[in-house]
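First chain A sits with chain B, and in the next complex the same chain sits with chain C.
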Partner chain A sequence: MRTLRLLGVGWLYHMKMISRSPFEGFGQVIWPIFFATVAFLVFRAGDSPRTLLYASLGAAVMGMWSATSTTAGGAMQRERWHGTLELLVATPVHFALVLLPVTLAMSTIGIYSLVATLLYGHFLFGIALTIVHPLLFALAVLGTVLSFGALGFAFAVTFVRFRAAWAIGNLLEYPVWLIGGFLVPLALFPDWVRPISWVLAPTWGMNAIRESALGGSPLPDLALCLALGGLNVAIGVLVTEHVLRAARVRAALSLS
Partner chain B sequence: MTSLRIFFVGGQMSYRALFHWMTPQIYVPSLLVAPIFQILLFAYIGRSAGLNSDKFYLVGNSLQYAAVPCLFAMSQLIGGERYQNTLSAILVSPARRIPLFFGRAIPVVANGAFVAAFSLTAGALILRVHIPFSAIPALALVILVAAFSCTGLGLINAALSLAVRENAVLTNVIFGFLLIFTGANVPLDALPGWMSTAAQGLPFTHAIKAARQLADGASFGSVAGIIGVELLVGLCYAAAGYALLRFMEVRSRRNASLERS
Partner chain C sequence: MAVVEAQDLHRTYRTHTGTLRRRVKEIEAVRGVSFEIEKGELFGLLGPNGAGKTTTIKMLITLLIPTSGSARVLGHDVVKEAREVRKRIGYVFGGERGVYERLSGYDNLRYFAELYGVPAKIQKARIEELLELVGLKGREQERAEGYSRGMKQRLHVARGLLHDPEVLFLDEPTIGLDPVGARELRATIASLTDAGKTILLTTHYMFEADALCDRIAVISQGEIVATGTPGQLKSRVESGSVTEVEVYGVPDETVERLRKLEGVLAVWVEEREQTQVLSVQTRADIQLTAAILGHLNGANVGRVSQREPTLEDAYVALVTAE
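So, the complex of A and B:
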């Protein structure tokens, strides 16, 4: 119960902080809209049988990932700059429980982006928002948010020894958009790319959202998305322990 | 002579001072790897949508990505100086403003052109797009003109940094508009009429058009006019940016908002 309370309070606290930053609030909503616009225009002009709703859903999830990737990379770096990293590491609870709500809050901000992109596509491009399984769609969005937060957490702790972690976070935006199959079916990629897509939770989150919206069976995809998200958290916790031990031994926690 | 020194030496020194943090750890992922993924993303979206060839997206995105170094670096002209508490010292100096501001833009143009050229080369190798060897000198010129043109727009962005606190958001917004309007990914004739009309006055639009024709084997002579229009667009933005910078400078002095951050 204490752990859940910590996660909940941490999530709410960081949500409030992020919501007050124009860069992470307004910027994260506006940024994917540009890519969505390009996607809508390209799909409208193209001769693909894929519908604009297909593009709209993909573009909406792109925004969710942007909200997480660009900020998660620098999550620990930010605590360093604020001078709060040592205090947070010294708290009695596991540091992972302090950091996980940060990335979960970032991925939750992505819901703004999802809604904004879908409404934008609906009102400006006339894309009908027909959701075949609304309840499953809501579940798929929730599962995707959780898995994005988990992947962001794994990235955040993995790059902690890297001074320019924020640059890596920014860089990860495009590759996950691409190989997560948000706007491009995995079948179009070379064979060696597909296994990389399969181990990414966002791939299955995207599938679950698309299946629930367009009519299909999203539950297996959702289950895989959550399982991979859980695996990312487990990896993140292990990496956190390793990184913190090494940082204490070398007195490099405040490295900046 | 003093103005020439401010233009060349001052411009180079300020660039080094403002971008001391741009280490390879940041430069490589942000300016060399990211544009390649942007090219791949749109090339595959194009394949998925059944619209245009890989070459179309390669040329469009490699040129358009020069907007990142050009726009962000120019906004850093003001934001970086303000952050380092040196902005008022610079603006109180009697140095002529044209060499002061434009001297700082020269390394930005060079860097923007390098990023675009690298993206084009790496993207062509990855996507196996053939570009005629004979087109390379003309393409290099187009890239340089495109980087200049965008740096002109960046000067306006720099001026707005005197009034806007969250300049990174503004820069991202400008980048986004360039992504949509310039024809980098959507053919101009597939855009709504008002968008393709607006595109004629934006950096990159004409450069991308010229570069695509060159990559398809056109001669330099046949695209010289288009390159000239791109250059003219860049000169207009540079002049407007300079005027806006002077206006904002006076306004900031009057409102005592020079150091507002």
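So, the complex of A and C:
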């Protein structure tokens, strides 16, 4: 119970901080317009409402991933700049419980990006927003948010040790768009790429969102998305202690 | 049993120089620091910038792992039982960093109360009590970005006390505060020892250590060069006199020669804006002004004066001794 409350309070305060940042807010306004435009231009040749919604959903999840990957990388850097990283490490709770709400808050902000992208697509380009299973769609979005937060957490742990690792967050943005099948179907990629996409939770989150919106069965995809997200959290938790010890040995916590 | 025990602590930092031909350089920040702090004691670690105060404190609060040596806080090893140590200590550092600027003062405290496991039932009352103690009552709902440096510093103190720790580590808590703010904060620190807290305070202000501390360890270049009560440290300089000479570029060899003069107790050089001030502490029964000026022959010499030694002289002599 105490752990849940800690996660909840951490999530709430980091949400507050992100939502009060004009710089991050600006990105959240611009990205959805960009992604909705890309989706429309790429897929308008198909001229099928279903294809356009498929693309629009992909673009919406791209925005969610961008919100998580770029900000998760910067999250630890911000803690360094604020001088709060050492204070967080000096608390008696497991550091994973400090960090996980931070990346979950960032992926939650991605929901706005998802909604905005779909709305831009609808109002600017006339893409129909017909969601076949609204409840399952909501669940799929929630599961994807959790899995993004979990993947962001697994990456962010390493940023505690390596202060320049925030740049990796930006590098991860585009590959996951492609390998996760957000922009183009995975069938277009060489066979060797597929195993990589299978181990990424966002791939299954994307599938679950599309299946629920376009009228398929999203639950198996959602289950896989959550399971892989859980695996990412487990890996992150296991790595945390080693990373923190290395940071204490190398005096990396106070570097900004 | 001592509340804080440091035994032969060493800490070396590795840095790299060069771009293409990178070389590893090792800097010994702390070189064999040992001390003990008893329950309820306010112990001062006094030294100039770069002396190793913050490194020592960071090893004790588990943020740095010592290169060698050991330390225990309330019987718990700071490396092997880091979590047990963290539960029982509070850490406050000086300056404006360490605050979530986009959160209110209250939210800052609420977040850390959760991280320190303060039970939900008592969090509100505890935060209110601390806001009262540090004088932030009425301003707690404002975002911290609008706080003055002094207010942020008081917020730090409140954060460090949220879980009612038995031991407090205060790393230069009054740095950068105006005289009134610093005085108020010192009064708060004094009231904490009255409440039975054990405190390790680092500072480079002699008068602050003198006013607050039961015992002081003077640290210089990573080593403790003197330990004692403020009274004991003062007694080191109660006799003799100090000759101060304004000079412009006094060579190290000259300082060494002055140290060897009969009757000289200590020699140190302070850099001031345009000049250096050479201070020579001598025995009271010997008049050495002429001999000192004789050794400075060739150097540009300005004002010469003589005065009684102060506690600060003891500190300066200790931390500038080779």
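As a working rule, the second predicted complex is superposed on the first by the 243 of 256 C-alpha atoms of A that agree within 3 Å, B and C clash if a C-alpha of one lies under 4 Å from a C-alpha of the other, contacts with A are read in each partner's own complex, and residues count from 1 in each chain.
To be clear about the criterion, a contact is a pair of C-beta atoms (placed from the backbone, for glycine too) under 8 Å apart; a residue touches a chain by one contact, two chains touch by 3 or more.
The model shown is predicted, which means the values in this text are computed figures rather than measured ones.
For chain A, the partner touching the most residues, choosing from chain B and chain C, is B.
Look at A:Val249: by the touch rule set out above, it reaches chain C but stays clear of chain B. In the superposition on chain A, A:Thr84 makes contact with chain C only, while chain B stays out of contact range. When both complexes are overlaid on chain A, the residue A:Tyr13 reaches chain C alone and has no touch with chain B. After overlaying the two complexes on the shared chain, residue contacts for A:Ile30 are found with chain B alone; chain C is out of touch.
With both structures placed on the common chain, the touch criterion links A:Val42 to chain B but leaves chain C unconnected. By the touch criterion defined above, A:Val98 reaches chain C but does not reach chain B.
Annotation: chain A has no residue touching chain B in one complex and chain C in the other.
Here chain A touches chain C in the complex through residues 2, 5-6, 9-10, 13, 16-17, 20-21, 82-84, 86-93, 98, 245, 248-251, 253-254, going by the rule given at the top. Chain contact summary for the complex, chain B toward chain A: residues 23, 25-26, 29-30, 33-34, 37-38, 40-42, 44-51, 166, 168-169, 172-173, 175-177, 179-180, 185-187, 190-191. The residues of chain C lying in touch with chain A in their complex are 13-14, 58, 61-65, 83, 86-87, 91, 93, 95, 97-103, 107, 110-112, 114-117, 120, 159.
Contacts from chain A toward chain B in the complex involve residues 22-23, 26-27, 30-31, 33-35, 37-39, 41-48, 50, 55, 162-164, 167-168, 170-171, 174-175, 177-178, 183-185, 188-189.
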